[in-house]
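In the two complexes below, chain A is the common chain; its partner is chain B in one and chain C in the other.
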Partner chain A sequence: MDFFVKNLWGEDIPSLAGLRDKGKISFAEQGFPTIKTEAWKYSYFQPEDLGILQADVSEHICGEDCHCHEKQDLPFDAYRLKICNGNVSGHHFDFPEGILVKSLAEAIYDGDVKNYLNKSFDMNLFPFAALNTAYLEQGLFVCVERGFCADKPIYLNYHNHAEKNIFCNIRNIFVVESDANIVLIEDFNSEKDGQYFCNTVNEIYIGRNAHFRHYKKQNESAKAHHIALNCVNVKQNGTYTSFCHQNECIFARNETYVKLLEEGAEAKVDAVYKLQNNGHSDITTNIRHLAEHTVSNQLVKGVLSGNSKGVFQGQIHIAPDAQKTQGYQLHQALLLSDDAVVDCKPELEIFADDVKCSHGATSGDLDKNQLFYMQSRGIPYDEAKQILIDAYLNEVYSHIADDEIRQWIQKK
Partner chain B sequence: MVDRPEISDNGGDKYKYGFVTDIEAESVPCGLNEDIIRMISAKKNEPEWLLEKRLKAYRHWLTMVEPEWAKLSYDKVDYQSLQYYSAPVQKAKPKSLDEVDTKLLDTYNKLGIPLKEQEVLAGVAVDAVFDSVSVATTYRAKLAEKGVIFCSVSEAVQNHPDLVQKYLGSVVPYTDNFFACLNSAVFTDGSFVYIPKGVVCPMELSTYFRINAKNTGQFERTLIIAEDDAYVSYLEGCTAPQRDENQLHAAIVEIVVMNNAEVKYSTVQNWYPGDKEGKGGVYNFVTKRALCKGKNAKVSWTQVETGSAVTWKYPSCVLAGDNSSGEFYSVAITNNHQQADTGTKMIHLGKNTKSKIISKGISAGFSNQTYRGLVKVAKGADNARNYSQCDSLLIGSSCGSHTVPYVENANKSAVLEHEATTSKISEEQLFYCLQRGLTEEEAVGLIVNGFCKEVMQHLPMEFAIEAAKLINISLEGSVG
Partner chain C sequence: MSEQLLKITDLCAGVAEKQILKNLSLTVNEGEVHAIMGPNGAGKSTLSNVLTGKFGYEITGGTIEFKGKNLLELKPEERAGEGIFLCMQYPVEISGVSVNNFLKHAVNAVRKYRGEKELDAAEFLKLLKSEAKKLNIAPEMLKRELNVGFSGGEKKRLETLQMSLLQPSLAILDEADSGLDIDALKMVAEGVNSLRNQHNSLLIITHHINLLDYINPDFVHIYADGRIIKSGGKELAEIVEKNGYGEFLQAVE
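Up next, the complex of A and B:
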């Protein structure tokens, strides 16, 4: 299937062209997931829903009404990076020594990504990652060197302001070397209420004793389709902490695929989704405990109203011999309207015996007694409801260690 | 009186039901085609409409593929090499137990189900199904006084065709799934229970399934109908001889529950699980479903699954009537190379419907076990309530335990809760027991029985005792 016609960079590099071909073949074999695709049974759409996609090939001279390159008001200081309409904008690379940032094309050319590119997942299990590989071009390569602790977070702004139906195909590679420490903030936003398809894949490699905190705020156009896959590899005593915040979007899926490769590796994967109208939000996680003494924690909460649908699919996999592991998972959904739907599938797959694993899933409306109590104390209904919703979500937000970032994410 | 059972396998397994009864059997040739189905139907002297139903199902089955989504790996069954009908030769249909072939009665005695004794002492009505046919049903006269119909499905087809025609396939249609479709085409016998309006069945009804013949598939079909305000408690037990090749058991159980009626269905499944190397054993592919059609209807499934090489079974409740409720209590134990993919489905359609799922899984040896369940709340199911709890216990480092619940909620007033835990036997508990002088095996048995207690207490008494013993036997050799 061809989405658009465009000459991709580096068609003359045989290894890259070969990789793209593999991606094309793999995607053609899998096709668009349907209700029968187990991993996508609650979240699928017809290819027609995407409309006719195009790549943005303009030189990024934005119009006057576009504030795309203005500094976005952030309550905290950060190293800024920008991806505009699916293209890396090249002039933000003022990083300290210790953080290496390149565009993906440059990194491929320099041979930096040989050990990383497409090494963290099997394309035949992820149809959209295969598609992403087929059109591999745009994206960033970020490497935090051994022992470097960044003084401020990296802020990566994905901005979309196109009139046309743009296909944003982005592949980022983050390498955090041993003992390094970094915070990444991904902010997906759009200027106009445009229709576009954003398909991103992040490959994240966390070295020994390294720490990676990953925040994602998705506040896109309500007509956008958004599919993101984060493939994370964690080595000995490394930690991966992530938080994903999804807002109204016609189709959004954030998939986190974590491999805890060595002893002491740890993952925390939290998420919140809030939908009001016709949105569809999918949080999928797969935490694979492949070594002894690994720990994972997941907390996902959703608030659904209007016609929206929330989906949670979480898997904890414990490999044979991955003894003394712990895995916890909780998903809760609040249904506030008659037409909202939540589907969830928390899954445990355990092949070792000395483990402690549990998962929980609940769904329901707000507690009527609590609402009544607050009303009886003079708090108006709507306000009482809001207080309860905030309190309910606060449990997840409070997991965000950085205060300023938390406040920024909580703010709409 | 009872000879020492001949056991073909001498691997030291503790499966005491593994003997073979040497009895002349009447069967149809191997293979499956329309002629075979006509032959089965003719043997059973069935009316035309039933044959039509069978053929329709068979034609549909040809278009289906065997499901592969379950976490099971087994050699696929060659459906053409199976015998679809095997019945012990009996001169005429016995009118009372005295006329039943003594060899058959002996078999049941050996299995611990002395049909005669049970008739006098235990006060449990038993329908004994041997391979493809029902050989005896006890207590019929006494039940008939109350208007309760308890007989084999074949008899019901002859004597109560209107009821069978009305309800057969109404809960599990032939299009439902691969195995149900196969069963709809070739089912041979099973139990039929009809409890009329307002009747509380005076005793527990029980069916005992036995696969004896070699290379046969057992396809039984059970149909239970509880009219308004009726109550029945139904028990089911199963065993099979020890054979090196796999046997197939693909059954359907359908339950229809009307207003204010209640049905309790308990199973102790102890099919031959295969030997220590995973050779042989029964493939148990069963579709069980209850339809709570009326208001305030109540269904409860209780199952103890210890046997079978491969289990594929999801007893479900369709809660269509308002205020109806469904319960599912399950203990599944797998040892050696057994595999089980089992769970339940609770479909909430009516208002104020309630469901409760308690599932306890114990895996030992090289076994793999999966809980797979669905809780679905439809848009109109206001105030639906579900509570699910799935706990797994792992014994040994080579086994696997998996939990795959599906929760689908489309109603805001519904409250759904699901929780699952997986762990091994606590060292402290084990230490405490050992320190009090129990052997490790006894201690594990005690702890496991405690772990399962929540489910076991829902079994009728005689069954509960048998089940507790079974758990200990199933786990033998899994520690130390």
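Up next, the complex of A and C:
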């Protein structure tokens, strides 16, 4: 069952070839999810309609003289990495000692990823992760060494400027060793209105007392299909703090699967999605409290107009041993048109008795009285509307601790 | 003679299931202060809402002219730009929007409408500080979310501040005095008085004479069942204060 044809690197490495085969088999068994697939029922994925099956995995490696190598302006200082048209591009020499960066292929070859590659999830539960495994090749391995606190964030730019319909299959592995500290910014962007299918899996391993802040901004072509899975393992007193910002595109799903493995582990998973036309945004989370005194907080807000659709599926699982844990979750959607819809599925699975856990969901339009109040003070209707939307979203944005990054994410 | 500012003629308006304003007529000239008094449910707030263009009301007859324009054709924000301001009986709370930020948007929107230069952050802050000081509004209050958790009196004070910032030519005060302690009442009255000149006019809706003692009205109208049943001077307010609306209502029957 080969959807996408390509000669992948490293077919002669038996462990890698074997892993890809397992991915192929698992994907063949699961297939593309349908409306009957519970985890995908609101985000029914139609590869034929989306043109995904025509996607091509040929090498879109940019030449030295490609304009996309020009250094783009950023309002913050960062260690820069780039994945262009689905291929890891350029060099990455300016990293300090303390941060090890390699292409995934190199890391596989050097044996760095034995304990990490495909260790954070079960392929049979995630069809696109199985697909991702079948085409394993492109991606990065980043390891922040024990006790190292990076002085600036890592900025990972996923840039797409291919004319053709391409399939970008990316696997990244981030290891933050104990007492280390890092900020990652993922920026998904594209030129033109290219149609492509981006399937990303991040495997993130956070050690004891280590802290990982993960920001993602997705601002892609309206025709982009974007599926991302973040599998995160957090050890004792480690923290995972994430913020995902999705803008209009035809299909986007950001799934976060966190295992709080040891006491004191913490996860904050926030997201904002903004849709105007026919966009589809899916935020799916699964926070698994597997030890005592673990904490999770989720705040997700959407603003929808046109014919767009938003989906939030949030699972909080508390294992029998995970006493004294706290898990909070809130999803809110602002529906600015009659045809915009939102589907929300919160799920709490609580097997321990001494826990604090809650979830909530609301959806509605802007408050007419508030709008009128502002208009009666001279503020034009559209401006008043924008002020209210900004106020509504600001509650989530204000969770972003880094000012410059916050401003950059808020700006389209 | 001063120029005519507002002319309401035979206005009929209501909500879907009910007519509230019934052939109401009222003319306000530049520089005049009119007070409206009337029993609960008479339709006083409805009149102020219709004047500001609030949603939900149906105009079934009559006309409203403001500065020679057909007011009913203007959007609420355009009416504010033209100079209509309503001190609301129940100001709206807006969480997530600071008083500061809100006021800056409002001041600049109105300036823009009036063809004046918009204020930059520093200019605005200077103006805001001096106006807030006059009304004894602490700077901390301006950093809070708009009206959220404000006491009744604080809300009214903030309405007064907005009025002085937006410099309306017709300020409508809908029970601006209710729930105020005596010092706050004085403060609101001072704010209103400082706005008074030969061009600006006031429409004051109140149940009590106290406010009228501070703001001397040129006319007092007794209002019942959606229209004005008697007009006169301040002596009418004194009768209401002493005896209620009884004799006015009987006279009509």
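Basically, the second predicted complex is superposed on the first by the 394 of 412 C-alpha atoms of A that agree within 3 Å, B and C clash if a C-alpha of one lies under 4 Å from a C-alpha of the other, contacts with A are read in each partner's own complex, and residues count from 1 in each chain.
What we mean here is this: a residue touches a chain if its C-beta (ideal position, glycine included) is under 8 Å from a C-beta of that chain, and two chains touch if they have at least 3 such contacts.
Note that this is a predicted model, so its numbers are computed, not measured.
Contacts of A:275 after superposition on the shared chain: neither chain B nor chain C is touched.
By the document's definition of touching, of the two partners only chain B reaches A:321; chain C does not. Of the two partner chains, chain B is the only one that A:346 touches; chain C does not reach it.
Applying the stated contact rule after C-alpha superposition, one finds that A:206 touches neither chain B nor chain C. Residue contacts after overlaying the shared chain place A:354 against chain B, while chain C stays out of touching range.
By the touch criterion defined above, A:387 lies against chain C but remains apart from chain B after alignment on the C-alpha atoms of chain A. In the superposition on chain A, A:175 makes contact with neither chain B nor chain C.
Which of chain B and chain C touches more residues of chain A: that partner is B.
By the touch criterion stated above, A:338 is placed in contact with chain B alone, chain C being left untouched. No residue of chain A lies at the contact with chain B in one complex and also at the contact with chain C in the other. On the chain C side of its complex with chain A, the touching residues are 52-55, 75-77, 79-81, 85-86, 88, 91-92, 94-97, 101-102, 105-106, 109-110, 113, 162, 166. Within the complex, the chain A residues that touch chain B are 38, 320-321, 323, 333, 335-365. Of all residues in chain B, those touching chain A in their complex are 69, 379, 392, 394-424. Contact residues on chain A toward chain C in their complex (touch as defined above): 367-370, 372-381, 383-384, 387-388, 390-392, 394-395.
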